[in-house]
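Below are two complexes that have chain A in common, paired first with chain B and then with chain C.
And now, the complex of A and B:
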């Protein structure tokens, strides 16, 4: 991880601090300090992000605002990227509008591009290996032992070479195999529709927030969503069914719980779970835990996880080296919930929402597959 | 943006499918950049049915999709792709075949 990237992601939450220089008896330092304050104050004003809600989606648009949200705690997902919104950068390079290297010759690759190059290499390797395996099988059936040994040796060399290749710097791989930017790439119909003029293309990407993320930003950091007050936003997220066991509130409790303990919480759909927990964030390492939210009794509007489902999800999660967490949310009584809800609707402040959420309680368990023959130690 | 638009944008600008069109306002057709499975030709037309993750798709719903494509084009596709839109903006894709198929070597 480069210094620049560490600096880019140095805020785990969207909190901005004004850093003032040291003030001494020298009056020049007072002016310096005042200047610095004003400059940073203006920067802070530019970092206030508004969220738009339309067609059932919470959106942040414009690359400045998208980065502001994503860089401060990895909140949201670029709809045309794996996570960080990099579609515009990637597309400009793909269409030959931007170079692959910066002025000092450093490679400017996004996560998606790196993955793509490594996958292409892997595919080439697999094809070659398959060819050799077919030859092996052929010689096995014909009984041509000398040829078989030759092919087996070639296969071993191929596998060794591939190990070397995996360690090879991307820079070298690209120089050898891929056309460097500046080339006019062939354009599809969808590509040509992107151009505004010769050097500019439309930015189709926006950052999409999960409902839990939108409420989190609004509740804890005062972000505006359209012109909703906090209660209206809450109602919207709850899909207008304000029940104690609404699946949104259970999800939100779990999201907020891990967020407040310093974890980076992202959607777990790809692994059949509700959330993924990263120690710091997706650019730094893989997620360590997959979370399944469990109600303390079966709610009316959420599908239940029977043991068979949990076991299936555990195998999926185990296959990608993550630990499965079952997070139980204990609900308050209906009366206590109603009372806090009424207070919240009368005064839609973060304080009243906090009173409502504090009625819930969270317990977590690690679920691990256990084999009597292999787990004796 | 409707579910159809979300999935169409994803196919065109994230997975680089070509000749992507919405068919009769319910399913998307197009050609993938590379064939989706080993044993299919590069120029296989694929059909993608967009669905939201909260939606329940029954067996008869899926059969209905095959029937409707069959009625529209007069050809019954061997398989369809279901594009599931999740609430964080990612689209995940699953195949649906009619009946059993031989698993391909990974």
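And now, the complex of A and C:
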């Protein structure tokens, strides 16, 4: 993780704070601390990013706002990127408008570009390995054991070298193999439509939010969604069926639960679950947990075999080194829910939404496979 | 070995070379997997070699536990059909370390699973209580012993665990009161949901996170369903010497056997019911996140599907009592570094250090001039 990146992600929530310097026993540091507090207090500005809702999508557009939302807790997904909205950067570089390095010689690569370079390296390695394996097979059939040993040794060296290569900084890799820095590339007809003038292009990307994320931003940080009040937004997310067991409210309870305990919560569809939990965020480490939201009771006529479903999910989740978490949301009685809902519709404030949500209850269980042969010692 | 390693395959084919080479203290390396057959005799030669190793390993002199001749009575289980009870008179043998209960009349009593397991392994023979001469066949045993529908599932799980070396006893609910602990939530410092959060001034993110937490944890105790079909079946200990079957320590695992044809995945009530009874050894780890992953109460469910069984482990965990995963320190370290780079001179500390440096330079110079 480079210094620049950890600086970029220094807000886990869309809110600015006052950073106090370290206080020691020295009284001067107390004064320093106080001074720093007062100074920052005057400078402290909070900005709230507003969300647009159209065609069933919660959007944040504008490069600045997108980054603001993404950098404060990795919320949303750039629709033309893998996750972080980087389409503009990548396209500008492709069209030769931006260099590969900044003035101080630092490499400016987006995640997508890094992956591409690493994959190309991997492909080269696989080709070489395939060649050696073909030779190996040849010597196996001819029974030439000395040559076979030689080739096997070569293969081992190749695999070792590849491990070294994977650890090599990208900067060196690019210096050796790629001379793409700021090359003017060919433009297609479609590209020319992008240009506003010589040096500026249109930003086609927007950040799409999950409904739970939109409600979280609005509920806790006062982001406006169009000109809806909180109750209207809640209704919208619930898909207008204001029932106690609405699947959205179960999802939101779980999202809010983990988010408010400092976890970075992202969608878990990739691994057959509802959410993924990262300790700090996707740029820092892999997700630790995959969360499956469970209602506290089940309709008796559910057709699917849950043993099989959960076993399948656990295999997928286990295969990518994550822990499967079953999070049960216990619902309140219908009457209690209706009462709180009426209060909320009368005064659509965060306070009354909080009263509604606090009727629910959460239980968490870890699900893992257990093998007798591996638990003896 | 860590339990997180469970996912690795446990049904590899026996490499007989290992057995052979243990004799000459040389463990061979396993080769890489070949995906397609090769032309020529390379494959068949390797296969033949492996087969030879197997035959050689199997030829070794067998050591078993066939009953000692002349002491058959010590290894004869007497089955009383009316009481469904099993006992041996003056029993003797290693298996008694973890099986059976001896009373004052030198009779050792066994449960039906224990008895069947001993017969199946060939350790003991079984006769009716009244008639000492007729030995029941294994097929007869299955019929007369496994009378209950669920017995066969339970027995399969039991014998599988025993064969894996575990010590297995039938679960007797330990009357140890488990303490129920409630975590008190700090009452929120600000009632943040009345006013947008950014109207307040914070000096760290932990406080903000704590303010966001809803009061939804540990509030009411989930009362376990009294008529849950899920019950703990076996208490299981890892293989150990000096196991005391009369006063066993807390079990390492507890197992509930469930036929998936009859029961759906346990509901929240079922899981709470099972975990409410479970009482196993816990080894808290120093790493807080791995404590989250292994939970405080554990139960292993053996799911049986027509004779096939899989084990799953459910543990209750609590992210709330773990506290925040976010650490303000993540920012502090980086900020300090960043600050040093950006503002090298605006700090009283750097003034002091500049003065100290120049003083040191001066003394050094004086020192170098004098001699």
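Here, the second predicted complex is superposed on the first by the 323 of 377 C-alpha atoms of A that agree within 3 Å, B and C clash if a C-alpha of one lies under 4 Å from a C-alpha of the other, contacts with A are read in each partner's own complex, and residues count from 1 in each chain.
Keep this in mind: a residue touches a chain if its C-beta (ideal position, glycine included) is under 8 Å from a C-beta of that chain, and two chains touch if they have at least 3 such contacts.
Note that the coordinates shown come from a computational prediction; the quantities given were computed from them, not determined experimentally.
Chemist: What is the contact status of A:262 with respect to chain B (first) and chain C (second): first, second, both, or neither?
Modeler: It touches chain C, and chain B stays clear.
Chemist: Using the touch definition from the top, say if A:296 reaches chain B (first), chain C (second), both or neither.
Modeler: After superposing on A, A:296 lies in contact with chain C but is clear of chain B.
Chemist: Touch test for A:42: chain B only (first), chain C only (second), both, or neither?
Modeler: A:42 contacts neither chain B nor chain C.
Chemist: Pick one for A:10: touches chain B only (first), chain C only (second), both, or neither.
Modeler: second
Chemist: Which parts of chain A are touched by chain B and by chain C alike?
Modeler: none
Chemist: For a test of understanding, state which residues of chain A touch chain B in their complex under the given definition.
Modeler: Touching chain B from chain A are residues 55, 57, 76-81, 87, 91, 188-190, 204, 208-211, 266-267, 269-270.
Chemist: Under the touch definition given earlier, write down the residues of chain B that touch chain A in their complex.
Modeler: That would be residues 1-2, 6, 9-10, 12-14, 16, 18-20, 53, 86-90, 92 of chain B.
Chemist: Considering the complex alone, what residue numbers of chain A touch chain C?
Modeler: Its residues touching chain C are 3, 6-7, 10-13, 15-22, 28, 32, 37, 41, 44, 46, 48, 137, 140-143, 219-222, 253, 256-263, 279-280, 288, 294, 296-298, 305-307, 310-311, 314, 318-319, 323, 325-326, 328, 330, 349-351, 353-354, 357-358, 360-377.
Chemist: Could you please specify the touching residues of chain C with respect to chain A in the complex?
Modeler: 1, 3-8, 10, 38-42, 160-161, 164-166, 191-194, 196-198, 201-206, 208-209, 212-217, 219-220, 222, 238-239, 252-253, 260, 264-265, 267-268, 271-272, 289, 293-295, 300, 303, 310-320, 322-326, 330-332, 334-339, 348
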